[in-house]
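Take a look at the structures listed below.
Presented sequentially are two complexes of chain A, the first with chain B as partner and the second with chain C.
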Partner chain A sequence: MIEEQFSTGNSFVHSLDPRVKIIVAIFFSVVVAVSSNFASLLPALALSLFLIILGKLSFKKVLYRLLLVNRLILFLWLFLPFTYKGEALFKIGPLVGTAEGVLYASQITVKCNAILLAMIALLSTTSVFTLGHAMGQLCFPDKIIHLFLFTYRYIHVISQEYYRLINAMKMRGFIPRTNLHTYRSYAYLVGMLLVRSYDRAERIHKAMICRGFNGKYHTLSRFSVKMGDILYLSVMLAAILGLVILQWKAIA
Partner chain B sequence: MESNSLIINLKNISFSYSADKLILDHLSFQLHSGDRVGLVGPNGSGKTTLFHIIMGLLRPSSGKIELFDKPANEEKDFREVRKKIGLLFQDADDQLFSPTVLEDVAFGPLNLGKSPEEAIGIALETLARLDLSGFENRITYKLSGGEKRLVSLATVLAMDPEVLLMDEPTNGLDDETEEKITDILKGLNLSCIFISHNLDFLFKTTDRIYAMANGKISLDEELVPHPHIHVHKFGRLPHEHKS
Partner chain C sequence: MHISEGVLSAPVLVTGAALAAAGISIGLKKMGYEKIPQVAVLSSAFFVASLIHVPIGPSSVHLVLNGINGLLLGWLCFPSILVALALQAILFQFGGITVLGINTVNMALPGVICYYLFSKLVNRDGGLLSLVAAFACGFLSVCFSGILVAISLVFTEQSFMSVAKLIILAHLPVMIIEGIITLFCVAFLKRVKPEVLGGIYGKGA
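Entry: the complex of A and B
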């Protein structure tokens, strides 16, 4: 089940207008993603760490989340240094690691972690539903918002359905092995989930139609921008602009 | 509206999901304002299908539908009708899709063009009527089965319908919640059709019970008194049977 561990709290970041957080998150991640130099990436990492501190989030839990993602990055470290062309830096048997490869891998690592930390600090300190509504007020397309909110609402129902099916299989003595029977059973399971989700979507749509739904999703939330929000937005946008300038100077 | 006016008038409705079997076979049915009708019938006899036809979610292959004295053929006609007829689905998880209880109950009123403030007012009022005050900020998917059923009833009642269609409202509820829902439904001043396998519930909440079989609907009004002899373990101990 999805737990929104960080969404409740009483820090300054938690009290910010969610629209401000979304705007900052978008600008920050785009700028960091296209940056290609440590001169701007390292300050970006520092900035995202600062955001985490501002949100008073538990370092242990944040670290745990980072570890999950960094497992993927570990694979980059296994391959990039040896496949990237450049000056040899070290040798392991017949494999030659290049300086450029190491540099590239560490850039990706810093980028990923900076963006991830910023996302944790900004987006996961807001509940998913508030995010959805804030997206609505920022004029995101209705369809994206519906997809986002419905996915969140029904992923729980679908996972329950998954466990029900898995349990039904186990009750009848199913033990996963490396054979055709196992693969076929799993294929049935996935197919069944798809069909059931489709049916469920159909029923929900009907229930919504019965209650007068005609494509427009009205929301009850009203957000108000406070002085703190404006201040935060200006400081953050200035900082992000700083990152852009640093990157600009580095390549110029 | 004058009393006893015809609300739902179905004439010779036929419907089938596949070519080899008619689910509804030239079915005719009328509901007048103030009628409280129970509907029984075996699984797969077309009870839910009938509800979906009344709401315009499915279109009959032949026959005529008149709702509130107007023919209903197109989506446009049914849109008006859905404001006056509330349908409660079998599975509350289908009905409750919003994050919080308040938002879900306010969804209908908002669609009817109410302002957010009005919608919140209506939602809170409806929740209070169903003894659900304090539920407004609960997360819908974390409610218990009984709570989900009550909240979905609130979502339908918040639209202030004239007719209430309920598909197995007591299915899977414990005695206490069932009693609560029965009491609430008894107290509602609405025309209604309840599908149920629970005869006790239908006796308490409706005036007439129709049976559905072979794609048709029939009224069995004859009262047949019949004593019961029943056997169960621990029968020697003094006990009471609710009815």
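Entry: the complex of A and C
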């Protein structure tokens, strides 16, 4: 159910300092998200494709991910060309598609996919635990980091619990259908998950107190900035600055 | 329910981020360090439960559960949902960095509202009223979320209006299922472990 498909590998991107990757990911997505012109969006898409290639990620898996996430975009394509006001481009029966609508929809598509590719190339190539520790060192609030790390840690435990419960249901002949019995069974399943996780939380909490937990979560991971990191960071920030300039020029 | 990256305009994103920051800081203030492991285990239970697909006719929907999350966690559902959404963005690329704020608000704010509206009613001893409240809690939390998603789309661009309307309509069956699931889930919890309900983690007790 939960696997980190892209987090292992031995490419240059995988060996980068996670803090560098987080910084680049944040700057890149913010700049691309507020851009509104193909002059900067197309280079952004090219840049994110380059990042994927640099990470030596399997194109098939990346494409599969993109397809899953693009469903909302597909949905927008069904509407935007017809609801956006502008010059008529084509007609399907009584519906009139506008050139501006098509342009706007394709802009959103490029934007969305550029950010998605960059996220896969930057964040998904790092293990979640490493990301958590790196965020901690980048001065994210302590409590959020603790909550993030603990939650990820227990997702695996709870999902095992979930599989045990669902297997037990299947063994008793449970077949999900559209009826009240199904919904009630699922509701009890959720309820049981909550009860078990509540009990588990109590045990974990007590065990942690026994081991002297006083709210501080110590980490053993130390990150060091290498020559490659500095090079990567400066090249990427320069490229992102380039995107900003392109966008600015296009507006002016 | 997630809005993807690149769809919303900058003002909407900034507003969402600011509101999320406010909600999260209230939530964090109410969550002491010693409570973090407990809130985290509950958050991961919600994360796993929201991956359950419930059949409806030929199709299926996945559970949202922000209503019951609000009932259990109160204001803490802001940090809880933030973390869940961040993990979904990293693991499955649903959502992303710039939409994290607005998505958190769209999901967590209805949870908090439902906590204030229904927590007392749900915790009353037995009776039809508490069951109705539980159903309303599940139904309305998804309904509010749908409306918030629609609002964020329409504020981005007027021509999203028909998409926004359709999104709310399409969520109608989800609302009903979510209501039914919340009703049974609350009934179950009241019988098995009543102390879980009522936003205990958020009360500082």
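Just a few scattered comments:
The working rule: the second predicted complex is superposed on the first by the 252 of 252 C-alpha atoms of A that agree within 3 Å, B and C clash if a C-alpha of one lies under 4 Å from a C-alpha of the other, contacts with A are read in each partner's own complex, and residues count from 1 in each chain.
In the analysis below, a residue touches a chain if its C-beta (ideal position, glycine included) is under 8 Å from a C-beta of that chain, and two chains touch if they have at least 3 such contacts.
What you see is a predicted model, and the numbers here were worked out from it, not measured in a lab.
By the document's definition of touching, of the two partners only chain B reaches A:212; chain C does not. Touch criterion met: A:150 reaches chain B and chain C at once.
In the superposition on chain A, A:220 makes contact with chain B only, not with chain C. Looking at the superposition, the partner that touches the larger set of chain A residues, chain B or chain C, turns out to be C. Contacts of A:204 after superposition: both chain B and chain C are touched. Look at A:129: by the touch rule set out above, it reaches chain B but stays clear of chain C.
When the two complexes are laid over each other on chain A, chain A has residues 128, 150, 152-154, 157, 200, 204, 208, 213-214 in contact with both chain B and chain C.
Residues 1-2, 4, 25-26, 29-30, 32-34, 65, 68-70, 72-73, 75-76, 79-80, 83-85, 101, 104, 108, 110-116, 119-120, 123-124, 128, 131, 141, 143-144, 146-148, 150-155, 157-159, 161-162, 176-178, 180, 182-184, 186-198, 200-202, 204-205, 208, 213-216 of chain A are the ones touching chain C in the complex. Chain contact summary for the complex, chain C toward chain A: residues 2-8, 10, 13, 24, 28, 31-34, 36-45, 47-49, 51-52, 54-57, 63, 65, 68, 72, 79-80, 82-84, 86-87, 89-94, 96-99, 157, 159-163, 166, 177, 180-185, 188-189, 192-193, 196. Remark: chain B residues 52, 55, 57, 79, 82-83, 86-87, 89, 91, 93-95, 97-100, 102-103, 106-108, 110-112, 116, 119-120, 140-141, 155-156, 159 touch chain A in the complex. Residue ranges on chain A touching chain B, taken from their complex, read 127-129, 149-150, 152-154, 156-157, 200, 203-204, 206-214, 218-220, 222.
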